[in-house]
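Every chain is named by a letter (A, B, C and D) in the order it is written, and numbering of its residues begins at 1.
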Amino acid sequence: MSTVGLAVIGAGYWGPNLVRTAQATPALRLQWLCDLDEERARTVLGPYTTVRATTSYETVLEDPAVGAVAIATPAATHFDLVRSALEAGKHVLVEKPLTLSVAEGRKLVDLAERSGLVLMCDHTYCYTPAVRRIRELIRGGELGTVQFVDSVRINLGLVQSDIDVLWDLAPHDLSIFDFVLPDGVRPVAVAAHASDPIDAGRACVAHLTLWLSTGAMAHVHVNWLSPTKIRTTVIGGSRRTVVWDDLDPLRRVTIHDRGVDRIPQEPDRRREALISYRLGDISVPALPEQEALRGVMAEFASAIGESRPALTDGRAGLRVISLLEAATRSIENGGAIISLKESE
Amino acid sequence: MSTVGLAVIGAGYWGPNLVRTAQATPALRLQWLCDLDEERARTVLGPYTTVRATTSYETVLEDPAVGAVAIATPAATHFDLVRSALEAGKHVLVEKPLTLSVAEGRKLVDLAERSGLVLMCDHTYCYTPAVRRIRELIRGGELGTVQFVDSVRINLGLVQSDIDVLWDLAPHDLSIFDFVLPDGVRPVAVAAHASDPIDAGRACVAHLTLWLSTGAMAHVHVNWLSPTKIRTTVIGGSRRTVVWDDLDPLRRVTIHDRGVDRIPQEPDRRREALISYRLGDISVPALPEQEALRGVMAEFASAIGESRPALTDGRAGLRVISLLEAATRSIENGGAIISLKESE
Amino acid sequence: MSTVGLAVIGAGYWGPNLVRTAQATPALRLQWLCDLDEERARTVLGPYTTVRATTSYETVLEDPAVGAVAIATPAATHFDLVRSALEAGKHVLVEKPLTLSVAEGRKLVDLAERSGLVLMCDHTYCYTPAVRRIRELIRGGELGTVQFVDSVRINLGLVQSDIDVLWDLAPHDLSIFDFVLPDGVRPVAVAAHASDPIDAGRACVAHLTLWLSTGAMAHVHVNWLSPTKIRTTVIGGSRRTVVWDDLDPLRRVTIHDRGVDRIPQEPDRRREALISYRLGDISVPALPEQEALRGVMAEFASAIGESRPALTDGRAGLRVISLLEAATRSIENGGAIISLKESE
Amino acid sequence: MSTVGLAVIGAGYWGPNLVRTAQATPALRLQWLCDLDEERARTVLGPYTTVRATTSYETVLEDPAVGAVAIATPAATHFDLVRSALEAGKHVLVEKPLTLSVAEGRKLVDLAERSGLVLMCDHTYCYTPAVRRIRELIRGGELGTVQFVDSVRINLGLVQSDIDVLWDLAPHDLSIFDFVLPDGVRPVAVAAHASDPIDAGRACVAHLTLWLSTGAMAHVHVNWLSPTKIRTTVIGGSRRTVVWDDLDPLRRVTIHDRGVDRIPQEPDRRREALISYRLGDISVPALPEQEALRGVMAEFASAIGESRPALTDGRAGLRVISLLEAATRSIENGGAIISLKESE
């Protein structure tokens, strides 16, 4: 297997993780770490490295040893940086959100597809053993029909300078939904409310409601101001319910064989009699301990090597920002329900 | 202190608790347990009791030894039962929700006030040591300004035959907000979404958003279908944040001296520099172990004895159903934001 | 089914629970609550009862309507009270520990057997759904061979006036071991250490080690001084391990399909290669919500009705105090290992 | 500040962590990673490094650029490797346990002291923010007199080929006790029991009891066979009790202002009246997030730079193995209490 030369762009909060995991991926060969602040890049690389630091994105894109870039810069810069990279013939891995608008995102997706290049979104959580297992459970039919989804992602978070809490945190939840829901089940409408109680200039607390094509409702609560950290997603199904608590390393995924059933109606019985309760066991599947970001890197390298779309490709990123854009429109319109076009 | 003769009406799910705690309240003298099913009433009283069972509400209301009734019947019956009791000159303790409409609730409040009778709502949680402490924290200024509120009350719940999940569970959260928020801070608008994924004939999952007069947003998530039980309320303040986890007996209330602050703006500095983070200690106050319902009974007896409104009086119950009614209207109108009149 | 007339003796800490559950047991008919302090007995019975209070144990024993007594008095009084009751022809349920010496306990067991009376020990935990399930798991072979047992029961406990922490708390753990271990697996030796760091006049912290006939070691840690409450028992088996956390209502029993195996040795391989690890799933069985003490009462009534030994009979109580007595002897002899005679 | 040239010896389980943290320590300059398996060493270093791999310990010790070595090899090799390094004039950081006998350990300590070299034990936990805080709490008097200590360290652990569970895991607990207990409070006796239920050839479960010079008892439970992972230490004091749960990142240290007090005795009152209970608040101090091993590396470099003993020096390591050796003797003598000489 030939290796792909890689440059990481951005040595801020997330970039060091890309640098570390790229170095641990045999199919990649890290060539550059590029940042506007060369000193910061050098510090991230450390004193023992053979990888070069640079402030020049141009140099990186002109380097024929670089076949791919991994971009971890502020969201507002994604569109220009990704476009330049694709135009220079480089495969691209980009942090979420893909771009700050659907129009821009679609241009990048089109450009990548026309150019035959891999455009992959770093939807990191989709590469955790927990989310992969949940996907199998749902797509394998073990959960039955999805009845409700509830995702909470709250913490004392860094108030971002260019995006609000919805665009910062909800991409995690929305990309997970996109990944685990069965083919054909998709969001058809969205409504959202948000507030900025510390006068930060952007929403710090947001509640987002999605309606799925099956009629089920999904809810996402994101919050930068909570001193208690919660990262829990519950997906209720007609047969079982799965709970993912990312902060409980011993019980990340629990599958509950309990729920409320409605017994098909017989005409002459009262409705109350038609509800039954299942109180079965809980099981906690053994999950491997794997760093998700290594899975991201491996998938990026494989997609390039096999000339195929990545599992979380640009279209997945586009679906996520379509929901974010609709949610933002809903907030601006007093929480109005915004329908989503099927075309995305 | 003279005792008040009491009759408990309803021997279903909650009535037995009223029977038990009334018997443990020295200022009350339990006379009757009334239920349409006399056998059920006898079973609740047990074989060793001197308390009488009856199916006749009339008998109870005509008994001069009965000064007060405690009503734990289905919500749809509250209006008629409370009105009859007030008209018979009895003080009334009634389960939540007070009635199924604001118009009916207001009639009962007016009737009680005109008659000089105590009309009290059993907002049980307001009598827990945890909620009392939270009230002191907020009203004493320890939390600072309320910035956000988030309340989750989900469980595998009994699908009710006459009310949806919002009217069944949200009264708990809304009565707590009503109880702990400072005077002058009140809900000004509400929006809600709900779904019925098991086709039960009424909403089984609901999300309710409130806007407070201070601009802060409060959110309530109620759900009958969740196999995981959560009963957590987070109240974020400018100085501290309090978390109430009703299911953690060792740490029911935690006070977090951490949060995000916005430093008053200096013209020549970038906005990012203006956010600061506090990462102080957490404290877990020692709380007495007290059964809340005993506090309800004691308050009911005291309010009668002192001819004063109860702490959670009919007006408190009315404020709660005003919010529920507005939330229902919002659901019927696609999640539209419904303003609340100040008059409630 | 005819009912058995019952008297509860002792209205202190535990007596009220016996009174309450006896009243909820159809096969029993509570006649008396007897306590040296009649006012205390009356308070426990409450103002609505038809049950009589008395200070005279003699009166109780002479009452022909009393077929059985349930004794919840200080341990030092058990021997005399139980003997008198048996001599008066009454069946006896007695709190743990049965007596303060094996010699006394054996006299009671003999007396009961000679008299054809039920002598039952209130080993309450053996009647919890959790312990019953654990018993089935072990006796049904699901755990394989027991490899280790570890039980921790620590809390801020009431320093008793007549017994130390070992005699106060360890009966719980020892009676559970007695109940769940397979027939033929029994303790063969015991060693213990204890300390009294607050100079209370008796041990407040104790560690007890048991050797089972299979060679496995079991350990019990009891402590009255710990501000954190822990009640956890781990039973490690060759096939599975079960963890019982009595303070986690949502996950009281968890069964772990993981462990360390030693692969039967091949002569030419290094020892390191012979250990293998299983990392299977965890399962949390659904358990009914049942109050254990109701099960105790029901078993007491059934044993009387069927003229058979109770599940936790006097012999079980005797086996528990044999261990306690040996542990005390070990403490007095610097932690020496004390062998247990097989005869118990 | 001049940097110290470092070689890491051993690329097995722990060596990679030494390599990583050494590279992040400015005062150190990593020169070599030495392992019997050069391929393994190269894999640990990765493809981007400027650090050299070698199989020759001699080469490392002869390199004048190497001023210090960090040894992470099996315990049985420590004595020879440390001695060679000290004889070559190198400062030494060595994993726990220092050696497999007190006699050998004392030789190394003497050799280091005679040679004016730093001999430091990697008692990693002593460099966690949690343990540092606990040390301050105890030494600052906030806990009062230590009344009991209980430490549990159980998990599905790697069955070691050269040491038993006591020598593998208990050094953590014993080094922490050594670190946090006040000057003058020291272990005076030890007793232990152990078992090998899987026939692994060495103890897999062990219970160790220590008596402190103050009369308090400390207990350590170590277990390689437990599928549930627990790492909790409780230190009960006369004024407060501290609980350290290393697996709860949000509440690693909790300080409980509750306990049992004995009121100084008045001659004419009954003993029961002399015990009082405090039920105060719990506080959870905010602790910085710091990797302990970085603190180890920084301390090693500082001790070398300042020509002073390290905080966890060879003498600390010697005290730990004195306890382990005594515990082993106790196990061999049926749990007999072994006195410790004050001279250590």
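As a working rule, a contact is a pair of C-beta atoms (placed from the backbone, for glycine too) under 8 Å apart; a residue touches a chain by one contact, two chains touch by 3 or more.
The structure displayed is predicted, hence computed values, not measured ones.
Sharing over half of its contact pairs with B-C by residue number, the repeated interface among A-D, A-B or A-C is A-D.
Of all chains, the one whose CA centroid is most distant from that of subunit C is A. Counted by C-beta pairs in contact, the busier of B-D and C-D is C-D.
With each centre defined as the average position of its C-alpha atoms, the distance from subunit C to subunit D rounds to 38 Å. With centres defined as mean CA coordinates, subunit D is found 52 Å away from subunit B. Each of residues 228, 254, 258, 279, 282 in subunit B touches at least two other chains. Residues of subunit D that touch subunit B in their complex: 251, 254, 257-258, 279-286.
Contacts from subunit C toward subunit B in the complex involve residues 23-24, 29-30, 46-51, 228-229, 247, 249-250. Remark: subunit C residues 145, 147-148, 150, 152, 154, 156, 159, 161, 191, 193-195, 197-201, 204-205, 207, 209, 215-217, 219, 221, 223-228, 234, 236, 238, 241, 243, 254, 256, 258-262, 270-272, 275, 277, 279, 282, 334-337 touch subunit D in the complex.
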